Each structure stands twice: as C-alpha cells, then as structure tokens.
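One chain, chain A, links the two complexes that follow: it is found with chain B in the first and with chain C in the second.
== the complex of A and B ==
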C-alpha cells in the first residue's frame, strides 16, 4: 500500500507540470497585463515600464514561466501585483473561510441527499418519487448565481432570517461558542445554495444506485435466508449501493479548496473563490497561478484519497 | 409417506401495464394453475424449456415473489397466506440455491459472514462461539477448508461459489431446499461434483429437494419424481421411470427425443416440434401446446385439458388420455 501511494504521488509531478504550463499559457494569452488595466492613462509610460521591469513582466513568457516555476518549487508564490502583499498571505487569509463553507455544504448535501435518495428508491415511480425527481431537475438546471440571488431576496431581504454577506457580524466581538453560532448563521445561506445543486445530482445518483442494488441476486438470496427487510436494506442493499459515493467524496474533497467562485462573489464571502474572481479581473498573475495550482493539487489528492478509501471499503479492490 | 409440500392451483400473473394511466392491458400467466406435491426425503425434478415458469414456480413457493393465487401447504401451514413476520420464520425451513453463483453472493461479505448471517438472524445458537464453530463445520461439509472461510466470493471459482451457496442454504438445517438450476452455470465436470455433493447431503441430512433444471439427463440422474412444465402449466408428472420410459404427453415425448444419447450408432426417431413457444402474454386457447402438437385434434383448440390419473403416480394433462377422448383415439 505504501508503495502504491508513493507511486501515485510521484505520478502527480508530471501531471502538475503539464497543468502549470497550460495554465501559464492561458494566463499569458490574455492581451494586456495588470498595469495596462490598472494605471491611470495619464501616468508616464516610463513609470509603467519601470513597474513591468520590477515585476519581471518585460521578460519573454518562457523566461517568466521558469522564474515562476523555480519560485513555486521553493514554496515562493510571489507578490500580488494589486495589493503588493505576498500571495501566500492572501491565500492563508482566505482558505479557512472557503474550507468552512465547503465542509458545511458537504454536510448539508449528505444529510439531505442520502435519505432522500433512499426514500425515492424505496418508492420508485410513486407520486412522491416523481415529485422529488422534478425538484431534482429544477435544482440541477438552476444556475448557482440565480439561486444565490433568489435565496438572498427571500431569506435576507424579505424574511430577514439570515445575513446576506460576510462571514460574521462585524464589530460584534463575539468569542468562543457565540462566535461559532454567529459564523454558522452567516454560512447557512451560501452553503444551502451551494448544496441544492449537489443534493439534486446526488439524489438522482443514489436513487438509481439503490434501485439497481435492490435488483441484485444476492438481495433475493438475503430475503430467502429469512432476513428482515431492514437488515437486507442495511447490510446488502445500502452497503453495495453507497460504495460509489466514496468516489464522489474524493472529488468533493478536491473541491474543498477550489471554492465556489460565483456563490462566494454573490455573498461577498471572503474565500478563495472570490480571490480567484478578483485576481482574474485584475490580471493578478501570481495570485491566479497560485490559486489554480492549489485547486489542481487538491483535486489530484482527493482522487488518491478516494482510491485508498475504496480499497479499504471494497474487498474486491486491492492495490499492492 | 407423508407429503412435505403440497402446491394447489398456484398462479402467478404478471400484469403488462401501458399508456399514461398505467392500465393493465394484458397479463402474462407465468405460472397458471399448477398443482403438485413433494414427498418427504425425495427429489422432485421440475423440467421445461426456458420461460415455461419453473423458476417462477420455485420462487412463488417461497414467496420470494408473491403468488397471485393458490395454496402452498408446507409443514401444516399455508405459506401463501402467512403474515410477513411468520413467513420470515418459516423460511428457515425452506431454503433456496440460486442459479447464478456469481451474482447471488453479496460481494461485500466474506464466506464466513455469508454462512453465519442466517444463523444469527434466526438465533439458532446460544453463543457466538458455538455459531462460528457450526459455520466451520458446514463449510467443511461442502468441501471448503478452514483457511478459505475468511475470503470473499470473488476469490472463488464458480463451482466453489455454488458450494458456498449450498452451505448457506444448508446452515439453517432446512427441511426443503429448492435448487433453481443450481448447475446450469457450471462446467460439466463441476456439475457432477455439485450434483454428487447435493446427493450426499440429502442422504446425510434427510433433505427434500425441488430440483429445477432444463437439462433432462441431470434431472433423470437426481430425481425420484419429475414434473414437466409447458407455458406456465404442469403437463405431466410422475416417477422418474413413468416419465422417462413411459412419457405420455406429446410434449414430454418430444423433449425426451431431443436428449443426446452417447452411442452414435444408435438411431432413433426425433420428434421435431414446429414453431416456437407461443407468447405467454397471448397463449393459445385450449391446450397451450396444441399449435405445435403432432397429435392435436379439434378438442385441443377449445378445451383446456385437466390432469388425469394414469395409474401409479403418473398424471398427464392431455385430451389423448382423458375418458371423453378415448373414443376419438380409437377411431384415429
């Protein structure tokens, strides 16, 4: 197992290299740079040239890439063009918020999707099942930003149940448990908005997975043994049907750090998603590259974790 | 000898639903008015071609699918009418071995867990230790050794898996085992091993079998009595000797003539049936076999034949043999 993990980790190096080249090319392909956009047109051209020189933008793209690569491998993400702050500082300020939002979203997703999916599968083609299916499709086809705006309109403006922005009440100075409650109060609206989309797809998936498991021969065998329905469901149907969720879970782990660009922006949630949005608007290359690389690494690691968990859970899957 | 199992007028109809309102437009009569009995300690073979309702009959007896109507008397109870809670307990005494040894074992459970599970549910043994000991014993009875018991189904061959399936069924010490094509998914050499194992176990534990198969030679080998099914109906029933040597129904005769014989020099007349098995959703009137029957006459198209006693334990559902037709036969 140790060998397998090592092999997978080593395999990530070339993948990351290719991803970084692609990302760097894409970022460079956009015409102009941070300074053409940002600075006052009346500012002296010489000053802009000086700034470009200072941040190394006067060099050829290939040269720039290798400078970036060398720094990146040394754990040096560079300085943001816009804030003139180290990128690592910007990211570490935001990453906690993003992970908090993502974890709450995941919890809401699983708590809703698994019971709804199983309920649906146990009563296929009934009125209730069809209703759930209909709502799943509505959830799937609703754009996130629209859902977010709708949620803010209903639950913040009209009902005033939840705040529409921020991660905590500014200036309240809460500590300890009170602070946690305050944070939860702020996270529920964006997290639920994000969860609606994944609940919809998870529900569909779990429903079909459970339905398929129920048709299996070994389920009939279990009934023939004289097992009660509950035991058949738990030990034979669900144990097999929910196995593929591990793969989903791994992908979700990867997206923990990716942030939700649109949702974070609509809710002015200071996370990585919004950082990506802001840095893209400002052509802030060092920030963009660092964020994209973090996403790439976390998705690769999430996949690896899913594969490891799968081999632990399913006796048919073994890695040596 | 008493009858361990008596099946009376068993029917299983599957509705075909269609249209927006899901109205039942037709029904498939998978099992239609089937009556037979099984004696304690014997093997009753059930034969017929694919789709004739043999498997459905087996499953309807155990109520793995709900029968539409009819009675199933087992051990003094009408299984068809038992409430669910009692049905579950009754299943202890009647177990099933399934056709596909690959799909019928839960891939997530080790062999030990698979065999132990029913023992746990039915609380057969007082202590876990006693139960585990029993699991080992059963596994050894079917020829698995102790070191293999913690492995998972995918690590075994088809024949071994079928032994696991048999061990599982056996662990509850049932009175009746319904074996639904237990060897048809196996290689011929493995088939005989499994058949021999089943025979040994029958002798050792006094088991009663219903053996469902389409392989007539296998059924001949293992059965004491045989029932022949066609299109959801029992067309003939009798001892092995009565069926194989004195088969009365034209369908039985045709089936038997199709069994390959080992001697290539021996010539015999094969009865080749015309056409295909009719659609069970739209079965022929009268005797279901009449469109393919070489001996059919007018009455077969109109009237459905009932099982007639031919003497001994031999019953046949054919107008050639019931009293009203004897005159016709004389003329023909």
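== the complex of A and C ==
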C-alpha cells in the first residue's frame, strides 16, 4: 500500500507539470494584463511600462513561466500584481475559510442525504417517496443565488436565528471554544444553502443505488437464510449501495478548494472562489496560477484518497 | 483623499466612488442642520459592498473601499469643502511666489500622529520622497512629478527631490516643475508618519504592518481592528485637533453583498448604506422609516467616437450622432431620473461649469439628417438609411464592456435612435472589461460606451490633449491643446474660467464624443444617524452623531 501511494504521488509530478504549462499558456492567452489602463490619465505612459518591468511582464512568456516554476517549487507564490501583497498571504486566510465551509457542507449533506435516500428506497413509489422526489427536483433546480437570499431573509432577517454575513462577529474578540462556536453559528446558513443542492442529487443517487442493490441475488439469499431485515440492510444492501459514495467523496474533496463564488458573495464568506473570480478579472497572474494549482493538486489528491478508501471498503479492490 | 481620474465602465462605477458623490440640492432627506445638538458616543455601522484590500496607507491604497478608511484615519494638508474649494487642514495656509515658480506651505503646529508624535514638515517631505523613489510600487507619482527634481529621482539620476526646501519644522518651500495654476490640486497632500516608516524599504510599504493592521494615522478616527474581507472597526481619536469632532465612539465598516445590504439596512443591522443602485434606492425610498438622498456626482457617461476613424472624421457626422440620440429620453426613461443632462466635461458642481451649454444639442433627428446630408451622406438605395459619400453602406457599431448592465440596456436605445435619424447602427458583441480596454488601446473600437470619474479641479489635461495617453478618442486639435495649456498656468480664476469656457465650447462644437448623462450618487440611512450631509464628497462620518431616542 505504501509503495502504491508513493508511486501515485510521484506520478502526480509530471501531471502537475503539464497542467501548469497548460494553465500558464491559457492565462497568457487572455487579452490585456494587470496594468492595462490601470494608472490614471495624469501619469506618463512609460511608468506603466516600468510597472510591467518591475513585475516581470516585459519578459518572454517562456522566461516568465520558468521564473514562476522555479519560485513555485520553492513554495514562493510571488506578489499579486493588483494588491502588491504576497500571494501566500492572500490565499492562506481564504483556504481556511473555504475548507471550513466545504467540510461543514459535506457533513450536512451526508447527514441529510443518506437517511433520506435510504428511506425513499425502502418505500418506493409511496406518497412520501414521491414528495421527497419532488423536493429533490426543486432543490436541484433552485439557483444557489436565489436560495441563499431566501435563506438570509427567512433565517436571519425574519427569524433572526443566524447572522446574514461574515465568518465571525465583528469586533467581538472571541477566542478558543467561543470563537469556534461563533464560527459555526456563521457557517451553518451558507453551508446548509450549499448542502441543499447536493442533498437533492445525493438523495436521488442513493435511492436508485439502494433500490438496485435490493434486487441483487445475494440479498434474496440473505433473506432466504433467515437473516432479519435490519441485518440484511446494514450488511448486504447498504455496504454495496453506498460504495459509489466514495467516488463522490473523492470528487467533492477536489472541488472543495474551488470554492463557491455565488454563495461566498451573498454571505460575504471570503473563500477561494471569489478570489479566483477577482484575480481573473484583474489578470492577476500570480494569484490565478496559485489558485488553479491548489485546485489541481487537491483534485489529484482527492482521487488518490478515493482510490485508497475504495480498497479499504471493497476487498475485491487491491493495489499491490 | 485626493481623487484621481477614473477610467471606468458603467457597472464598475457603482463600486467605485461610493463615498465620492456630489450634491447641491437638498430636496429630499436630511441636510444635517435640522438635527439639533450633536451628542457624543455610540456606534455607527456602514455598509461596504466591496471587500477591502487592507492597505490603509495614504500612498499605497488603490481600491476605493480602502480609501474610505484612509480618509477617516489620515488627515491631508487641505481638503475640499462643499463648494469644491480647498480648506486648510494640516496646512494653515499656502501661497505661490509672485513669479509662480515656488509654492510655500505653512503647517499647523498643534497636530499629532495617533501615537503622540508631532506632525511636521519632515513627514510631508518624507512622503514625497517615498513616492518619487524608483522602488515605489504605488500609483501616486503624478502627484509628485509636479515638484522640480522628482522625475530625476524616479529615473535614478538623483537621490533626493531637488525642488523641496525645508524652511523650518513647519514650513516647506516647493519648487514647481513647471508653472501650474492649480498646484495645490496637483500636489500630493496626505503625509504618512516618517518615524514609523523611516526604516522600511519603499518596496515593502504595501505589506508592512503599519499599512495593514497597526496603522499610525492623523485623522479623526483610529484603526482599531481590520479584517479586510469582512469588516474594519475604527474608534474615535480623542485628541483630534479639530475640537468637538468626531462625535461617535466607533465606526464599523461591514462588508456585505448588495442584495443583503438592503435587507440589513431595513432590519437595522447597518445604519448607513452609500453607493446604492437606482433600483435599491427607489425601493428604499418607499420605506418611510429610512432617510434617502441623491446627489450629483463627479462622474458622467459618454459614447466615445474614434475621431481618427474615417467614419467619424467629419465633424458634422459627430454632431449628427449627438443630435440623433435622445439623451433626455435616456435620463428620464432608462435612468428613471437618476442622472442629468450634460454637454461638457466639467460637472455642474464645479466653479468652471459653463452654463451657456446647458441646452446644447437638444434631441433633433431632423437636424441630424440635415447634418448628415451636408456631409455628403445620402440614402442612395432608398432603404431609409444613409450611405457614405462614396455610396458604400455606413453603419455605426456600438461597443460596450459586458459587465455593464446599464450599457447593455442603453445600446439598443442608441441603435434605435440612430436608425430613426437615418443612420444605420448595430451593437457589437460586448467584451469582457480588460479585453475591452486592450482593444481600445489597440484602436480597434470605433465607438465605446464608457464613463469618467473626475477630479474636483477642472483641468482637462491628461485626457484631452492631443498626445495624452487617455485621449482614446484620438481627438487632435491645436486650439484645444493651446487652451488646455493656457488654463493650466492661469492663476487668475476669472481668466482661467474664461479659458475653460472657450475650451468647453470648442469641445461642444467639435463633438468628439457624445456626452450622455451625469451620474448621481445615492445613499440611504437609518434616521438614528444625525448630522449627515451627503454630497459629492460622500458622507463625512466625523460630523455625524447618533440619537437613539
């Protein structure tokens, strides 16, 4: 297993290299740069050129790439063209926020989707199942933006259960456990909004997966052996039906880092999504590259983790 | 904060210049005078619809939101009053030498930085030297370039700016790089503390803790806590030299999305919401529990024409296009009255505004047709639309940046207006903002729907001279250049006004662009906030107080 993981990790290096070349070329191909008409009309145009020089934009794209690569390998993400602040500083805060939001979202998703999906599958085509199906489709078709605003108006402005924005109470100065509680209080609304979307699709998926598993011969055999329903469900149906969830989990883990631009915007949740959007608009290459590479790495790692979990869950899958 | 000219798309304008709005009417809302006696204490929460970057340093900030903080935490030598004139602040007075070559600044002796150290001439000189430093990464050099020798320092030909002489601890004599009539508007006037930044390398200023979190300022409020993506908290500077101000103990600037801010204001979670969209403003105006106010701003929208393009080379064609567009219809209909007609680059609020142009270019499609005919554009094939003098098809292509919803709604109206005047027109595929600017730089846009945010001083240099980098209109006119140069050095205000009058009339006659409409800035607030004057300077929280009765 250790050997396998090492092999996979080493295999990521050329993949990441190719990804970085592709990303860099794409980033370069977009018209305009961070300094296009950035200065104001009083300034002599040659100072814009000087800025480009200061930030290395006067060099050839290939040269720029290798300078970027060299720095990146040393863990140096460069200076944002737009803010003139270190990229690592811009990112570090937001990575934490993004991961926190995503993990809570995943937990809420699983807590809701698994029981609902199983419930639905056990009583297919009943009134309750149809109701769940209907709500799933509504949830799927609800635009995030609208859902987020609706949640804020109901749960923050009317019921006053949760704050409408931010990751913590402004100026409260909480620390330790109190800070964690405060953060949880702030994360629940955006996380639930995001979760509602995925709960809808997860529920549909789990429902059909469980229904399928229940039709298998080994389930009939288990019943024939006289095993109680609960045991059959737990040991034979669910274990097989929920296996594909591991794949979902691996994929989700990767997209965790990409953030959720709309939800972040509405709830003023400073995550990576918004940073990626803004840096792209501003052609802030160092920030763009750093963010995209983080996403690329996390997707590759997510896949690896899914594969490892697969081998743990399914004895037929072995990597040696 | 001294404002710079903004090159902006219509949509971006909503984000920019939120606090930099303008006013002279006091018909709705509160004029601040009727609120009774100020009360000290309390807290005011202000909505920000864009996150801070968090560079709270007078010479390093670049985003409009950061300037809202810098404006409260720092104090300049002088500041604009409600009549767009400069009022003494850190400087008691200033004067030109009789030959206009020198400019002397006399600073107050009783003002201190937030850490108790006195503010002296050294701080101001230190700040100018930092801006002229070759390593400086900010965008303020144009405000120091006006000092003799600054350019030499930037180009590494000198170690110091030669044109600065410290007369004593509170007096500075500056030599002008060339004569200016408006030097006090051209010169950088916001000092940063020398004793704090002395040992910091100029290229490290942006990320220094004294720029980011531990700010030593000079203004009515001190920076208490900054989480740039979420909020900034300021607290009262009890030792502020303008006695009796500020009134409130704390200002909280809270970052909110536009859609949530409206609800939060109604709910009382925030007290003050500047920079409203027209839609939100009209919605909030109906709420009798809130105060709303609209004020003319120093920003306007225009349809730029590439004067070098053969399609727009003829003055009569440009005039015809201006006559053909129903600008009043755009203000009343599309803008729902949130704007006003303009015919010149100088805003109504300015002392240099030319009232004679008030009614230039009324909507007149027939006049447009006549002008086109005079220019040789005739309808040869009888389709109701003119062909160019060579008989080839003629079509105006309207370009706009894709992030501007106002432009997207305006473009079809322009096309319709032009067609009604017999001029064929079409909307080009809208372009993403930076792509749009890049194409404009390359001269590939024959027209462009854009906007200008203006300085308080009416100097057109930088945009309008034939060789100005931002003269994207490619408008070249020797008389224009001469007038701009003359008004720049004319220190007699009446004579300067006369020159600017001639200049605005020349531009009106030449019609190098279509002036569309002047913009307004809108704000709404909870009536517990008292003493608010909402004008082109935006809100001035140091003058506000709260009444919770």
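Of note:
Following the convention adopted for this analysis, the second predicted complex is superposed on the first by the 316 of 320 C-alpha atoms of A that agree within 3 Å, B and C clash if a C-alpha of one lies under 4 Å from a C-alpha of the other, contacts with A are read in each partner's own complex, and residues count from 1 in each chain.
In this text, a contact is a pair of C-beta atoms (placed from the backbone, for glycine too) under 8 Å apart; a residue touches a chain by one contact, two chains touch by 3 or more.
Since the model is a prediction, treat every value here as computed from it, not as a measurement.
Taken together in the superposed arrangement on chain A, chain B and chain C fit without clashing.
Contacts of A:164 after superposition on the shared chain: chain C is touched, whereas chain B is not. Of the two partner chains placed by the overlay, neither chain B nor chain C lies in contact with A:75. By the touch criterion stated above, A:14 is placed in contact with neither chain B nor chain C.
Of the two partners chain B and chain C, more residues of chain A are touched by C. After overlaying the two complexes on the shared chain, residue contacts for A:266 are found with chain C alone; chain B is out of touch.
In the superposition on chain A, A:2 contacts neither chain B nor chain C. Looking at the shared chain after the overlay, A:239 reaches chain B, while chain C stays out of its contact range. The superposition of the two structures on chain A yields an angle of 150 degrees at the Cα centre of chain A, opening toward chain B and chain C, reported in steps of 10. The least CA distance from chain B to chain C in the superposed model is 44 Å. No residue of chain A is contacted both by chain B in one complex and by chain C in the other.
Remark: chain C residues 4-7, 51, 53, 55, 60, 62, 137-139, 141-143, 145, 206-207, 224-225, 227, 229-231, 233, 252, 254-257, 259-260, 263-264, 266-267, 269, 432-435, 437-441, 461-463, 468-470 touch chain A in the complex. By the touch criterion stated above, chain A contacts chain C in their complex at residues 30-33, 36-45, 47, 51, 54, 82-86, 89, 93-94, 149, 152-153, 157, 164-168, 170-171, 265-268, 270, 281-283. By the touch criterion stated above, chain A contacts chain B in their complex at residues 216-218, 220-228, 231, 235-236, 239-240, 243, 314-316. Interface residues of chain B, counted against chain A in their complex, comprise 62, 64, 88-92, 95-96, 98, 100, 103-110, 117-118, 121-122, 152, 154, 165, 168, 172.
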